[in-house]
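Below is one structure, written out as structure tokens; comments come after it.
Think of it as A, B, C and D in the order they're written, each chain with its own count starting at 1.
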Amino acid sequence: MCGIVGITDRKDAAQQAYLGLFALQHRGQEAAGIVAAEDGRLNSRASLGLVVEAFPQDILAGLSGDSAVGHVRYATAGDSNLRNAQPLVFDNQHGPMAIAHNGTLTNALTLRRRLEKSGAIFQSTTDSEVIVHLIARHPGPVEKAVVESLRQVEGAYCFLFLTPQKLIAARDPMGFRPLVIGRLGKSWVLASETTALNHLQAEFVREVEPGEVVVVENGRLRSLRVEAAPKKTAMCVFEQVYFARPDSTVFGRSVMATRQALGRELAREMRGVKADVVVPVPDSGVPAALGFSQESGIPFELGFVRSHYVGRTFIQPAQVLRDNAVRLKLSPVREILKGKRIVLIDDSIVRGTTSRRICKLLRSVGVREIHMAVSSPPIVSPCYYGIDTPSKRELIAANNTVEKIRHFLDVDSLTYLSIDGMLRAASAPGGPKPGGYCTACFTGKYPTSIADFTIGEAGRCRGPVAR
Amino acid sequence: MCGIVGITDRKDAAQQAYLGLFALQHRGQEAAGIVAAEDGRLNSRASLGLVVEAFPQDILAGLSGDSAVGHVRYATAGDSNLRNAQPLVFDNQHGPMAIAHNGTLTNALTLRRRLEKSGAIFQSTTDSEVIVHLIARHPGPVEKAVVESLRQVEGAYCFLFLTPQKLIAARDPMGFRPLVIGRLGKSWVLASETTALNHLQAEFVREVEPGEVVVVENGRLRSLRVEAAPKKTAMCVFEQVYFARPDSTVFGRSVMATRQALGRELAREMRGVKADVVVPVPDSGVPAALGFSQESGIPFELGFVRSHYVGRTFIQPAQVLRDNAVRLKLSPVREILKGKRIVLIDDSIVRGTTSRRICKLLRSVGVREIHMAVSSPPIVSPCYYGIDTPSKRELIAANNTVEKIRHFLDVDSLTYLSIDGMLRAASAPGGPKPGGYCTACFTGKYPTSIADFTIGEAGRCRGPVAR
Amino acid sequence: MCGIVGITDRKDAAQQAYLGLFALQHRGQEAAGIVAAEDGRLNSRASLGLVVEAFPQDILAGLSGDSAVGHVRYATAGDSNLRNAQPLVFDNQHGPMAIAHNGTLTNALTLRRRLEKSGAIFQSTTDSEVIVHLIARHPGPVEKAVVESLRQVEGAYCFLFLTPQKLIAARDPMGFRPLVIGRLGKSWVLASETTALNHLQAEFVREVEPGEVVVVENGRLRSLRVEAAPKKTAMCVFEQVYFARPDSTVFGRSVMATRQALGRELAREMRGVKADVVVPVPDSGVPAALGFSQESGIPFELGFVRSHYVGRTFIQPAQVLRDNAVRLKLSPVREILKGKRIVLIDDSIVRGTTSRRICKLLRSVGVREIHMAVSSPPIVSPCYYGIDTPSKRELIAANNTVEKIRHFLDVDSLTYLSIDGMLRAASAPGGPKPGGYCTACFTGKYPTSIADFTIGEAGRCRGPVAR
Amino acid sequence: MCGIVGITDRKDAAQQAYLGLFALQHRGQEAAGIVAAEDGRLNSRASLGLVVEAFPQDILAGLSGDSAVGHVRYATAGDSNLRNAQPLVFDNQHGPMAIAHNGTLTNALTLRRRLEKSGAIFQSTTDSEVIVHLIARHPGPVEKAVVESLRQVEGAYCFLFLTPQKLIAARDPMGFRPLVIGRLGKSWVLASETTALNHLQAEFVREVEPGEVVVVENGRLRSLRVEAAPKKTAMCVFEQVYFARPDSTVFGRSVMATRQALGRELAREMRGVKADVVVPVPDSGVPAALGFSQESGIPFELGFVRSHYVGRTFIQPAQVLRDNAVRLKLSPVREILKGKRIVLIDDSIVRGTTSRRICKLLRSVGVREIHMAVSSPPIVSPCYYGIDTPSKRELIAANNTVEKIRHFLDVDSLTYLSIDGMLRAASAPGGPKPGGYCTACFTGKYPTSIADFTIGEAGRCRGPVAR
């Protein structure tokens, strides 16, 4: 997964982009980049690591300019892929240009082969580079080249394009990924989530609509469209369930409220469970556990202390630390748990290995019964729209019945939330209608062709769903 | 503040010490060190930074030995004080020796002046170096030299001494700081808190008693005493209130249970407060807020999302990040808070500046009423026993009435827990009697002389109470 | 300036390329890169700094493959230009490809503008990227695309192209820069200078001829031609005078022998000078000073001790060091110099500022007379073929008479070698005929059009003639 | 080996000390340290690595103070010995104090054991720490404590002691190591060699005499004595032969002149050798080779090009580089050497392995005859006075006849300079009388007891004679 942010008409544009990336850090921890436009020139910096690591004070101060775009990225491909870090910067007939992308283009491979045939050269393995070539082949003005190029690509995308004069934002016609518009004084802010607006103390204006291209130039914002008639949307429900920050409003719906509602739905579907306490897997399970407790009346307790020192770091941690990773991250509180029947709440199960270790930890401090409750349905299919789920072979629910998973986890009962329950919680009030969501990872029903999906494994911009 | 750990009779002693330090990381984030004893020799490593930063895999693997001691340290004195990092290692007539210290010696300055007169040279500015000189001047056996030397020092201490043959642990006669004994197979483990035992999967045996010196040699543990008759104890109540990890049992009492009990006491003292929700300042206020909610019946809600990316790092964060530190760490959730009357729970107020910023953030998202509730009494005096409270001049409650503080914080009401309430929660069940605690920071009543307290500002081992 | 090396058919191809780059380090100290071909894939690494800094053991070991190309680069553009580091690596219709370039394309700007118009995007500011685009637009086979593309470029170049199957080398039709072929067992080696062959213990086979394209595939080497009829050559005499390593044979002529011959020519042109000793500016003036001494009979003496600790390093040296740079690098030996009349030999004068400081140092230890003797003619014009001479405005001899320069240097006499004398020394025996050299920097007569010379200032691959 | 420098009465004392250390870098490349005295306080910094690496601009600028001492160190003990870096800094009854040491105390072990018995603690493994304890046990004034303490130590030493008020220098009664006094305006400079004075543009005043203690205070220099009557001196002839910089004057004699004279003596002892050219092993053999050529009339030629890129660096060089270290450092020039009978000049042979590789390189380019000529006698005994010669077992001349060594090196003849020839060259004019030199490494006759020589292997301050 990735996060993107753009801002115009501020002397400290790069600083603001930095704050915005900081707010979006959960969307990508592998690399961070910022490009600022100054006097007809683009100043750029990208680095592996967290935002605070990638941008020491002196580096940030060097990124002068009146507008800027930033990007945080998650990827699987180890340490050598700085070339894949975004924003990508390049020169073409439109002059210098930067591009930041969240999502995955599902016809990138086909387009790449076609472009190479006609003389294109590629520097990275990202699907994002394809759009660059398309734009470079269309004559100006640049926003026209962008719209024409977007008409050739398929899949999930939110794009930010920066030139010395313009900031252009685009969201795909099905609206897979979120992108919002904010106002900060005279500046326009574009960001993946509203939490970035909050961090900048910017005011939320509206979402970029599915299929819309927004152009900011000379302090004014205007709107173009990739497609005349809007398509049926396919907004990613997993943003609500897992990915977005709880303090964001995504697709018009509060994420925190959604997650508490998921817990309440789950409590209704598990009515009658006999338990002494509701315990979340921190931090992701906490809102759903609160909702579950409120609905069920079973007391909420903190059964784990989470270490803040198990972090992502450039330093390879010692082997003994990696061997004990789950134990060191989550420490069970014996006084709370001993002899209890617990409802253990997590937001999802991917491979099942982490959940299993957590349950084993609980047994080691004397928990009597574990009723595992998952505030989303079983994940049965990989995502080809930007989230880094593992292959089908590794997804435990793609290959096992619920009873087999229960047995693998060694719990007394295992309950997943139903798809209907999930969509109810995600939709109302404020969110898209239940039919407006993409639920491919839970249902295997992909809203686009996925024929090309093998391209760009290394650089594809996907998220950390690796549990 | 500092954390210490020691282990004997394990081939991977340094690895185990590393895990123990990881568990105690909250007690000191500035520097970490480990010394391992191997074949008559001590292998040592200390480095500024977190445990994971200080000990990359190859460094840790190089610390071979059958027994080891480790130390994490918090200090105020910037980047140049690696010389002050512990364990201190030195040669003397007893052979090579390492020492790790948690606490502060209150007569260190007097002793240092006397030692210098008779030819001692000092390398660091820590009070801990004084004990080294005392031991070096007493003939062997080394445990006798330790006991004799401890009889000359005053103040708060837990010490671990490591020689190629012995691991010696000592706790001061008033028992200010915690120190526990654990067993892991044939190994003995000594650690500041029980959470370190849990992390090593060691079994809790007992506390080191106030005034006790424990010697582990040839796989056996025996006990000596600094003072024949036990003194009245002065165990640090702030360990329970703030400092220790919630999954530890400290002075015989579960820290998590204590903090929930503090919240319940507070709810009783605030009976009748009119509020819609109870909101903790994460993470420190969460247990008390849960207790408050359980006792009062007012719903518990997560009003803040805490960023995990505001961390301690070697990289100097950009200025813009430091300017927005509180906002970036704690992001209020508008949907939860807007229009609400809230009870805001925190565990303590030191300077008041952070609390004030938090309350301002709450107002910015439309909170209607803030009833600030602190699960400890006003802090009115600095600590001279190891916790790094600021000087009296900076302590807001040392210089202002509660009403003035309420006004400064701009809240609708402000309530501190009473001293009696605090001691009730800390004491029962399992903990020391109310009179067995040191409450100097809340009362100004110091259980020892504090005449020398100006020595060793730079290296004094004190904790991060800097809010 | 740059240095390039390529090798085929060795399991340890990258290691050998590393040795070759080490031998060519004098041709570029700013950045180093190696690309190795392995199983249809290219493994690459480039880094700022010296070869030994850029390739730690583990990185080098990771560059597995059976063939490899390497590049060292000198450039003026500070620390942010890793993007310009070579070999450039990219994907196109011919598959993955790497390119290493020594020289400067004089029509690069014209070509770039034309390419951008037809949709090309550029990632770097180097002239080298132009050739990449030309090749990507020609259909295969790749060597045909290379030859066709080279027919469109003008200027000075030696290129190495690496694909998973082939290593292709090319030298421009006028032969500005050197490029030699060597044999090491079954491997073919291509390198800028013969010293790289010596370092690899490879046997010298022959030079790549001007206008020749050499293709190594399946262990066999074959030859193509960019132009059917050979042009009049324009080999860089400055390689002989200054740039190449003295242990190399360049353009068929021993560099060491050339430089001693330059000294002898100079001695003949200065016949009758009255002096006690001949003193070189180390290390560059030593061979000419030896030749001068041998021809003139005036004793050779080491008047300076050169520090090996004034080096290129990532660490910004302290100001006090930079202020005293010449003094710290060259320390005069008073016992040798005091009261003496000396002939001071250097290989060239560029700006004159360093020479002036050296002469001042000599005066400070009591030298009686300084007869400055330069083993090359006055430099009056910038180089547009790869050597980083400063602009005309900064070249002291472009703006002053010899007498004015003598006055500026504050020496008793100043003698430059004549152009005829230089060409005599450079040509025989073994070298090109006098008319086969480019002497543009000494004469202003450029053998190609230089209309485009303003492109790519930042990334142009030029040498360290900055004295 | 080590180098030391001190300066008083300059606002930029640390900067000047830095320049002085830079000039003395050849005396120690492992670690560098500077301590500056400012307002009753000592500011210090020591770091592994070269002077330029150890002192970036900002660090150096932070070392404010009016007087300073610096130290460069060579040692064998790998990367973990920063604790051994000097100047040592400590507090004692005389207040804060720094110490820098060149030499080796031969009774350090005996003294250390005695000190430990009476309560001393040791932080380092250097012999230098012993003197610190002795001083700390003598009451003031500090120069009296220094003189009293020096009367208890034996062996080779030059010491600099810095307190906030005084700079004290001391040289052992036999004068093993050099130490000179210079004047720079109102400042006093103390340094191991005169080249440091030249670098600072200070004027040479005189040597510190054997057995003299010099105290600089309030801008005035006064002299004390360790021993009333001067001993027979034992100045290190190896300083002249190998260690000191050629532009220094050591023990009153120009080093460059000595080395040329060594070559002339050698030419006389080899009269009649049949050879075409004299070739030095660069850079150390160059002065002797020039002298040999001048005396014998055989032409001097540069047969090797020495790489400046084989340096000491923090980066572990790749294995392939280490395997080819000699070849990469010294590249033979075939055109000079092929078919020639050469006299190969080096200043010494220690283990013989490097010389053997060099000779093999020469054979590989077709040298016809090699007459190896060494400008010093065979090294048969280790040094216990500060130079890091290997153990007797590793010294080739301690275990083999000259004929066997000749056979090992595979040369046509091998000639060492005689001891008489060496002492003649070293002594006149200006130097000590032949009997005033220590020649222990050539003769095995040690001028002091060496009973304690096993102490402090790790930290002993010895030089890089490891060939």
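Following the convention adopted for this analysis, a contact is a pair of C-beta atoms (placed from the backbone, for glycine too) under 8 Å apart; a residue touches a chain by one contact, two chains touch by 3 or more.
What you are looking at is a predicted structure, and each value in this text was computed from that prediction instead of being measured.
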item: Maximum centroid distance from chain D, chain identifier (CA atoms); value: A
item: CA centroid of chain B to CA centroid of chain C, Å; value: 62
item: Chain centre separation in whole Å, for chain C relative to chain A (CA means); value: 50
item: Separation of mean Cα positions, chain B and chain A [Å, integer]; value: 37
item: Chain D: positions in contact with at least two other chains; value: none
item: Arrangement of touching chains [line / ring / star / complete / other]; value: ring
item: Chain-to-chain touches, reported pairwise for every pair that qualifies; value: A-B, A-C, B-D, C-D
item: Touching residues on chain B, where the partner in the complex is chain A; value: 12, 15-16, 18-19, 22-23, 25, 50-53, 55-57, 60-61, 195, 198-199, 245-247, 249, 254, 256-257, 283, 286-287, 290, 294, 299-302, 305-309, 311, 313, 315-321, 324, 327-328, 331-336
item: Complex contact set, residues of chain A against chain C; value: 80, 89-93, 116-123, 132-133, 136-137
